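Have a look at the structure below before the remarks.
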Amino acid sequence: MGTSIASVLMSFFLTACWDKIEMNELALVSMVGMDSDPDTGQKTIYYQVVNPASSVSAKGSPGGDQAPVYTYEISGPSFGEIRSLAYEVLPRKLFVAHYKAIVVSQRAAEQGMRDIINFIEMQPNGRASVPMLVADGPLSPVMRTFTPLERVPADDVESRLKLLTRESLMVGKHIRLKDVDERMQQSRAVVLPIIRERLGNKPQDSGARASEINASIGNLQIEEGAVIQNYRMVGRLNDTDLIWYHLLVGDKGKQAKQFQVNGKRLTLEMEQVRFNRSATCRNNRPLVSIRMDLEISSRLASDYVPQSWNETAQLQKQVSQTITQELEDFYEKTKKKGWDLLEIRETVRSHLPRSGPNFLAGGDWNDVDVSIGVNVQFRRIGSIHKL
Amino acid sequence: MEEDQTVHCMYLESLADKTVIDDYVLKALMEGTFLEVEQSGVTGNHFVQDYSFSSARPEELLQQAVDALLAGQCVLADSAMDRIRLIHAVSLNHRQIEEPKSESTVRGPHEGFTENIDMNVGLIRKRLRNPRLRFEKLSIGDQTRTTVMLAYLDSVAPTFLVREARQRLLAIRTGSVLESAYIEEYIQDQIWSPFPTMTNTEKPDVVTAHLLEGKVAVLVDGTPSALLAPMTFFEFFSSPEDYYQRADIATFIRWIRLFSFFIAVFVPSMYVAVTTFHQELLPTQLLINISAQREGVPLPSLTEVLLMETVFEIIREAGLRMPRAIGQALSIVGAIVLGQAAVEAGLISAAIVIVVAITGIANFVVPTYSFGISQRLIRFSFVLLAGLMGLFGILCGLLFLIAHLISLKSFGVPYLAPAVPVSFSDWKDIFVRVPRPWMNAGSLPRFMQRLKGKK
Amino acid sequence: MFNSGVSGAFTSCEEGTGIISRFQFFLLAVNFILGTTLFVQIQILIEQGKQDAWLMPWWAGAFGIAASLVWIVLHRHYPGKSLAQIPILALGRPLGMAISMLYFLHFCILAGWVLRNLSDFLNGTIMPQTPGVVFYVMFLFVAAFTVAQGVETVARLNQFVTPFLFFPFWFVLLLASKDWSWDRFQPALHTDIWGTILHNHSFLGFPFMETLTLMMFFPHIQKDGAGRSLILGIAAGAVSLSLILYMLIGLLGVERASKLTYPVYTVVQEVSLGEVVENIHSIISVVLLILIFIKTLVLVYGAHALLNQVFRTETNWPFYLAISVLMAASAESIYVNPIQNNEWSSHYTFVYDTFFALVIPGVLLAATRVKNAVQKGRKR
């Protein structure tokens, strides 16, 4: 009796494991692109799927006839519906756990990204900690470009973002989808990198791309920044503005920039080591003061190196003045456009909870004073100390 | 004897030699010829010892009788003659003398020690027929009461050394001594050093050679391993075979051993340091090859090296306990599957397998097994340092190691002698093995001579 | 009885034991002088002396030897005592302790310089991203461990590593000499070297005046060999510096060498061993770091021994920790950028070092003479 009950119960296992799926039945998505047509309301998702048969392994890299990735374009009335429509073109089960970047088209960003963000966050096995980029113009050229050196374009983009974050001030750390979500909910602004396809005669297949020596044509380019406020893209920042923006937000990276000092041009590498932003009340008005400490080094200077302590002190003062002026100009520019890129609202709210609401309710930028202080210290010299 | 007397004859069957007792004692008792073989009047007679009932308290007599029984002797309690007599009838059960498995040589004697300490003493005595060869007997371990012998050549060994060794042995307070390693841990100079300051050997000719150099040996009953002290760093690289072969090949082999030590300790960490911090050190072509190999590999170099080293240690440990029948299958599994297949599956890069294999093989070149253990421990810390700070980390680790080795002493002898403190005359047996006529076999090495001056 | 390295941290330093041989002390002096000089001072010397810069160490060395005579005479008055105890004996406990503590701070500041030079060098050449603190902590840890094993270990370590410094460095320099050119020395012997030295007096102070730190080892040297070994060491250090400058001028030329921040590194960078091994500068830089380590080691020993002898400490490991923290902090804050350091050095190094190396020992010597004279007068 006991054995027969056991055998009946064991037959449950004959129905096959419900969630079991073999690895080669998965479509390994590496990059996701999301677009939305403002006129028809039609949503499009681009899935860039990795082709495992053509990836690099210890046996060496394969020949040119298999593409490293394939881009599938699926359209539907809403993002959720696309999930069901996906298998009209996709032969394998969608597996988004290892995707590395999300690209949003410019027109979708300008309409509002709230549903995009919610859709991504809703996925049970798609993380929200992937970087988000905005495509310059239409999305399909970006999703249909091969990259040299790194065969999978998503790896290329991910590694570029990492290097840009570390070696320059053009890209910040908080460009992940979850950062965007958090900041939009707090009514703050965020700047996402813009990705575009470089113009020129694009190689038509991955083999031609792999054998083309000119790495500049038919490649992806990450530059400039898209300002996102209230879930919408409201404007752009060029490369110089990006540097000032990241300084004002407190990103601790380094950046080489050419300065004009005493009529001489000098390329200095600056690095932010300390950043402090607070709000106090002065003359019944909130005052937001931003203080930053920068260390400059002449490691990359091939034009001029200061020789004495006096020259160094002068250099420090002038660089500090230049940067402060540029930062204030940047603030004025963004104030005119109505962007709160310096997070003034947030600072007032957290430091002056009582008097803050008056300003927050009123919302006039001229009611807040902003003071920016930059302290520059010359710290390191490079391999050449005299020119 | 007219009336019937009762004599109790007690012995432990597992320890005493029944034949001797039957032939000698019982026969003598039954034939009544016992009185004639009394020799207890001779002092220092260990074969037969008498204790009269009134000579000591009953508890002490009982204790002595129990001790004697446990030592394998036969106890005769003779109430008529008012004494107990202890007769030394211990059976010498021992393994056959055979070559020790871990110290086999191509040329030279193949005898090894056994578990019986008297046998071992005999093996040494027959090689060193010098009346100044002393064996001091001690009993260490409250529970096991193991016999331990301290051996030295009285005319050659420095007094300071012998006294130091004796003091340390007498200071041991422990319950059990089952192997010479127990004693080694008590009397060694430094508990926390990964480097051993004493060596152990199972060959009597090695012990004899060291005794002739003025060292002390510690023999432990129940184990064939004998301890030798003091030992310096460079002496771990010499094996007895060096002296049984020609001088030129022996010198070459010594250099190979020293070189293998450096390989075993530094190659993995140098690999990690060079491939992750200082790639410019590699020749261009090698750099391109290695980075092509690493293209599809998921793990960073440091993790790969640590992982493969751990796997190698697991294979080595498994190989020790493996029954001989499966040993072959294991070598196939280990070599082919874990090495080659892992590379082809893209789990590790091919260069790592080479690095780990060379390191593992170089590890076994050093003749003393306990020294090989220290290499393994140091190797892991160097790999971690290299992964953290590259060549700078290796430099700091190396300076730390050198400082430790310089300050380490083995029974008063500096561990790095004769490199530090420098004495060039000793280099003729460390970095080269000069032919025997030049070796000046009569005098001690300088570092032992310095011990003679110590009080 | 059982010598344990760990217990070395818990016992006090041995006093007056004669366990360092003269040769070991000589090597210690040479390595101490070469220490950070190869990294910091070399390009300044070439800039100032031009093609005759290799003569400058001769003058500076002579000055150093003259200064060391003062210390040796002072030591003769107090055999077996080190720099920490002499002020106390000469001037009495309160004033003497103040002067000893002054020396302690001097050692810490010197160590701060040394460590900061180390991190500047490593950050500027082979490891740019690593924060400097890591270098300080690692070197100080190893130095503290070595000092905890005793002064014998310090001297022996130096003796052991010296061949590994000496031979690779000169081998590489010789390999580099395929770029040698005698023209780089023309015109020779035209510059007024003594005038240059007087004008750039910082070289007189650093590194030769800093060898005062070696006075902490005097009690441990065998059989009164301290004086001669020190003088020989200073002379050998000066000769080595001169040779290195000579090689650098011949290999790089005056213009290029005075432009580069680390000419030794650049020379090594351009050396190739055949065609296989091209970039060995990492290994050679790391080998040269041993010189900086020796200097750190001597300074850590000096600082620790001073505290030990003035205050007769029992448990030592808190002192090692405190000295390490002090030295690391000093390294972090000692100067803002190398330009400031160079400028300060060119004005004040001579005065600063001479104060500690000549003025105070001179005062102590005078006090000792006065004391002896008074005592002799009292005896009569």
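General remarks:
The chains carry the letters A, B and C, assigned in the order they are written, with residues numbered from 1 in each.
Everything below uses one rule, namely that a contact is a pair of C-beta atoms (placed from the backbone, for glycine too) under 8 Å apart; a residue touches a chain by one contact, two chains touch by 3 or more.
As the structure is a computational prediction, the values presented were derived from the model and not from experiment.
With centres computed from CA atoms alone, C is the chain lying nearest the middle of all the protein shown.
Looking at which of A-C and B-C shares more C-beta pairs in contact, the answer is the pair B-C. Centre to centre, using the average C-alpha position, chain A and chain B are separated by 63 Å.
Centre to centre, using the average C-alpha position, chain A and chain C are separated by 50 Å. Separation between the centroids of chain B and chain C, computed from CA atoms only, is 45 Å. Across the complex, chain C is touched by residues 299, 306-309, 311-312, 377-387 of chain A. Per the touch definition, chain B reaches chain C in the complex via residues 164, 167-168, 189-193, 277-278, 280-281, 283-284, 389-396, 399-400, 402-404, 406-409, 416, 419-422.
On the chain C side of its complex with chain A, the touching residues are 43, 47, 120, 123-125, 128, 258-262, 266, 336-340, 343-344.
Chain C makes touch with chain B in their complex at residues 1-6, 8, 21, 122, 126-127, 130, 134-135, 138-139, 141-142, 145-146, 149-150, 152-153, 156-157, 159-161, 276-283, 286, 289-290, 293.
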